[in-house]
Amino acid sequence: MSEPLLVRLGRIDRRWIFLAMALSIIVPMLLKVRFPEIPQPMARATFEAIERVPEGSRVLIAFDYDPASQGELQPMANAIVHHCASRGHKMVFMTLWPFGGPLAERTIDDILLAYHPGYKYGIDYAELGFQPGNEGVVKLMSTNIPKQFPTDKRGTPLAQVPLLADLADTTGFKLVVSISAGYPGAKEWVQYANGPAPEAFTFVSGTTGVQAAQLLPYYPAQMEGMLLAVKGAAEYETIVEEKYPPPQHPERIGDGRVRMGPQLVAHVLMIVLIVLGNLSMAAGRTRGGMR
Amino acid sequence: MIDRRIQVRRGVEAVLAAGIPAAGILASASAAFAQGDAAVASAAAEKDAWIDPARVPLLVALIVACGLIVAAIALARSGVPLKIRKLAALDAVDEAVGRATEMGRSVLFVPGIQDMNDVQTVAGITVLGPVAKTAAEYDARLEVPTSRSLVMVAARETVQAAHFAAGRPETYNEGNITYITDEQFAYVSAVVGRMVREKPAACFYMGAFYAESLLFAENGNSIGAIQIAGTAEPSQLPFFVAACDYTLIGEEFFAASAYLSGERDQLGSIKGQDFVKLAVAGVILAGVALATVAAVAPDGGAASLFRSFQSALGG
Amino acid sequence: MLQRTIPIAILSISGIVLVLAYFSPFTQSWGEQAVDWFNIIAGIAYILGGGNLLRVNLEKISAQRPGWAYAAITVAAFVAMLGFGLLKLGAVPSEKYPDVHFAGDYESNSAPYGWMYWNVISPLGATMFAMLAFYVASAAFRAFRAKNLESVLLLGTAFIVLLSATAAGAYLTGWIPADSAVGFMRAERLRTMITEVVQTAGMRAIGIGIAIGVVALSVRLILGIDRSYLSKDGGAA
Amino acid sequence: MNPTTPHAPKRPTYRLLWISIAVLFASVFAFRTAIAAQDPAADPASIRSSWEVLGVWVAAFLTLGIFSFLYKDNPLYKVCESLFVGTSAAYYMVNAFWTSLVPKLIAPLAPGFTKAYLLPDFIPSGEPWAALALALVPLALGVLLLCRLLPKAGWISVWTLAFIIGTTAGMRLTASIESDIMAQAAAASQPLYAVDPQTHSIDWATMLAGVVGVVGVLSVLTYFFFSVEHKGAVGATARLGIWFLMITFGASFGLTVMGRITLLSQRFEFLFKDWLGIL
């Protein structure tokens, strides 16, 4: 009597599962499957937090991630930079991750300067770049930015950059955003910049699925806004595009919603795999299978 | 709260040279620096307070927390017997190693992929001790593949000591504890390859793990092994809890290693942390009570008390 | 003395300076100076990482151990990237100082260093991490067992979060009227309740536990109670 | 240490793998040239410089090289892995050199040289001697750290380690108490009673959230309490704590899976849009 289908299924070669996962992403992607995104409270709170910051204020945007997390975090980075530029904020870019520099620069070229050509370096936006030291960088910036960043990313002393000349420490910003993939990231900004001066600036973070859980306790008391993985990005993109439609290349702030199509099919596949796995094990055990 | 901190910075830098702690060798530096950039005394007319007033609650909390911990360590050193509650995962060690011996199969112990400077790896090597001792008593073959040379050295010492403690020094085989490679995925594929070939009946994963926790747990399940894990890495705990039979979750892992090492300082520290946890739970209970009364009587005395409670904690 | 007393003194003093600097404005700039040095040394530590990698791979090549060809590729890639970066070969000259070679931008896409970042490091790093989606899928089929109440709770919550994070949740529970008594069963309501109430409470307690552990370890280190970093051969880290 | 491969396996043949990748590349190349020939505007790569097109092809080749590990561990995967290890280690060093060592170490030690050759906009500090003295400390500690590379003098690096561990302990001590204990205790102190301000009736939803939040934090803290056995009231609370933990880990599991899947869909997006140009 041949084994029931379920037990044989238990010994399937795992490469078939790999193929199933690959197809569950490729097929909906090629068919350009899209779903409407209904913004939830957290994404809306993040949008409101940035809206409450008075127009034209000086904001800090930290790109604390690397190419490995670009898939999850670049959509948020694009939407946040577009949102801040549409509010006329003066943006200062930096990163705590060695690989974060070029990501910030590409976002500046693709989003900031493409959507808002009027932005001039040194007056409307500036780049501080990367500094080693992990939480040490945030700690020193909370009291003495010129000591931590003797020059901006282009080697010009801060005193000669109009936007950075009078910048003493992080309380000089009205809004700080950390697009964070792990350590060092949003947690270190809460502990070393927000902790010492809780009411000095609004703090918002966009984070990967892996790190989201560890940052939840900070919301909303120590972190007014938080975007949770690609779902948060897709919801936030919807609200930003509603209020500030980009002049051209709208697809550049649509990646979050594009990736939500394959996301649904892959999630359903994951659930099916877990259920099938348990059924095949149960079937195996009732026939006195291994263990 | 924005301007409550007194910004006396430039005025102090002249004092800095004399107080450079770490570089005692640089007497000349302090002389040169003394006539440093003009010490611009803070413009504010306020008296320069010694302690920043807004940080007093934090100072009190720091003194209480550190006091409790140091007191507990002193208590432990003075010989007071300290007990730690039963940890399910530790009781499962005998069951797992026993089963491996019955089935004549080996036991695998993976001490994580970080070096000895990571607290989790040190805890993993400490848990290796009793596992190796039980394996020696049951005369089961224990394999320990490592991904750092320092970890291999520490693991060999621990297993050898365990064999002595079990009274079977002759069965200790250094070849079972090997160094494979520093590179994460190369180490993982080597260990997984060995798991599939030798089919150990019991697998222990104790230490710092990242993405590879999935691969170990999956292959352990497919060969039908009992799996016991221990890590403090928050991102990996869901996978270990879902896939393994027993898991030492976060602090339990450190409590287990302190209990197993029997070292007075570590036991004292765990006790001290328990006292601080008790204090924090007490503060939360007080806060909840105040908040509830304030919600019932919004303009009563409790409401203002609750507001000062919140601002003191920096909420 | 040199191997034990001085390191313990350095550790305790730098720890105490940092704590003091946080409370008293007088010592704040001492703390700033210590952290500035800390950050510079963190930069130098990267050189140690590179040096170690070079040493390990050169040994592997000279000893002709199996797989030494891959070590040769690692060393070649390391030297090439280092050359393009430190010597700024092919860098785009800066507009303000065209004649100062080292003022050029070596990270732009048209400079070899920037090109290797975007076309070698970025795809390799991103693809290495993307592989985890495959591993989690095969682990889902072969490892995640609903063997007791706890694992049923875990997997059940995971199902709710996975479904409600996408339009599938709205599709399945969209028919429940939002304002009715059972309105909380709607996918997005369930997800908000799980994430913002239960998960936040759980992670808050875990976070407090970890924070107390960090405080205990820091106190033991600063007071010289814990000296594990001084292990016998001196090079603990 | 004997190498861990017990018996030398028959040299695995990767012929099938090489052929499939070669065929794939050839067909894609033919496919793209066909599109470009038909209507140049349709091929997004046509406008980009040949330097960038080469980059996209190299990136696609490396991406497929890593994915080939899913089929079987093979030399192509090992080549990609060693390329990654080599280039990223060098990137760390170069980045640290230009961002930190030049402006903060070489500049104060050699102001003239730095201004002439490295940082034209550099303004030497008012007191060169003071800046030099303050830069000597990290230089000395850094050199001690690099002694780890030398076989005999490795022990001296413990001085620098002590400074790094001490500074980290000092920073984390205050930060952990302030943001992760005190602020969390404040956030956990939610009222167990809530009134809807307009209707003055009990706001059940907020009240329930408050109760569940408080009970959750306290029961999980009880589970991580090691001084008392899990029996009686403490045992029941700890049990409730485990259930809260399981729901917490279930939600974290869902979020992590969501994140990993997004990373994979971005790689396929790259392959189908930037490389194949059919998306």
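Per-chain residue numbering starts at 1, and chain names A, B, C and D are given in the order in which the chains are listed.
Rule of thumb we're sticking to: contacts are C-beta pairs under 8 Å (C-beta built on N, C-alpha and C of every residue); 3 or more make two chains touch, one makes a residue touch a chain.
None of these values were measured; they are calculated from a predicted model.
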| item | value |
| --- | --- |
| Maximum inter-chain contact count - chain pair | C-D |
| Whole-Å gap separating chain B and chain D, where each centre is the average of the chain's CA atoms | 21 |
| Inter-centroid spacing, chain D versus chain C (mean Cα positions, whole Å) | 4 |
| Geometric centre distance via CA averages, chain C-chain A, whole Å | 15 |
| Rounded Å distance, chain A centre to chain D centre (Cα mean) | 13 |
| Multi-partner residues of chain B (each touching 2 or more other chains) | 5, 7, 9, 20, 22, 58, 62, 65, 185, 234-235, 238-239, 241-242, 250-251, 277, 280, 314-315 |
| Touching two or more other chains - residue numbers and ranges from chain D | 70, 81, 85, 88, 91-92, 95-96, 99-100, 104, 119-121, 134, 137, 141, 163, 167-168, 171-174, 176-178, 180-181, 183-188, 214, 217-218, 221, 224, 245-246, 248-253, 255-258, 260-261, 263-264, 266-267 |
| Multi-partner residues of chain C (each touching 2 or more other chains) | 10, 13-14, 17, 19, 22, 28-29, 31, 33-40, 42-43, 45-46, 103, 117-118, 121-123, 125-126, 128-130, 132-134, 136, 138, 140, 142-145, 150-151, 154-155, 158-159, 162, 165, 195-196, 199-200, 203-204, 206-210, 212, 215, 217, 219, 229, 235-237 |
| Pairwise touch network: line, ring, star, complete, or other | complete |
| Touching residues on chain A, where the partner in the complex is chain D | 15, 18, 21-22, 25-26, 29-30, 68-72, 98-99, 101, 129-133, 135-136, 139, 150-151, 155-157, 159-160, 190-192, 194-196, 208-210, 212-213, 217-218, 221-222, 228-231, 258-259, 262-263, 266-267, 270 |
| Chain C - residues contacting chain A, complex | 22, 28-29, 31-32, 35-36, 38-40, 42-43, 45-46, 94, 103, 107, 114, 117-118, 121-123, 125-126, 128-130, 133-134, 136-138, 140-146, 155, 158-159, 162-163, 165-168, 170, 188, 191-192, 195-196, 199-200, 203-204, 207 |
| Chain B to chain A touching residues, read off their complex | 1-2, 5, 7, 9, 224, 234-235, 314-315 |
| In the complex with chain B, residue positions of chain A that touch it | 143-144, 168, 171, 195-200, 210-211, 213-214, 221, 290-291 |
| Residue numbers on chain D that touch chain A, as the complex places them | 70-71, 88, 91-92, 95-96, 99-100, 103-104, 107, 119-123, 167-168, 171-172, 175-176, 178-180, 183-184, 186-187, 248, 251-252, 255-269, 272, 278-279 |
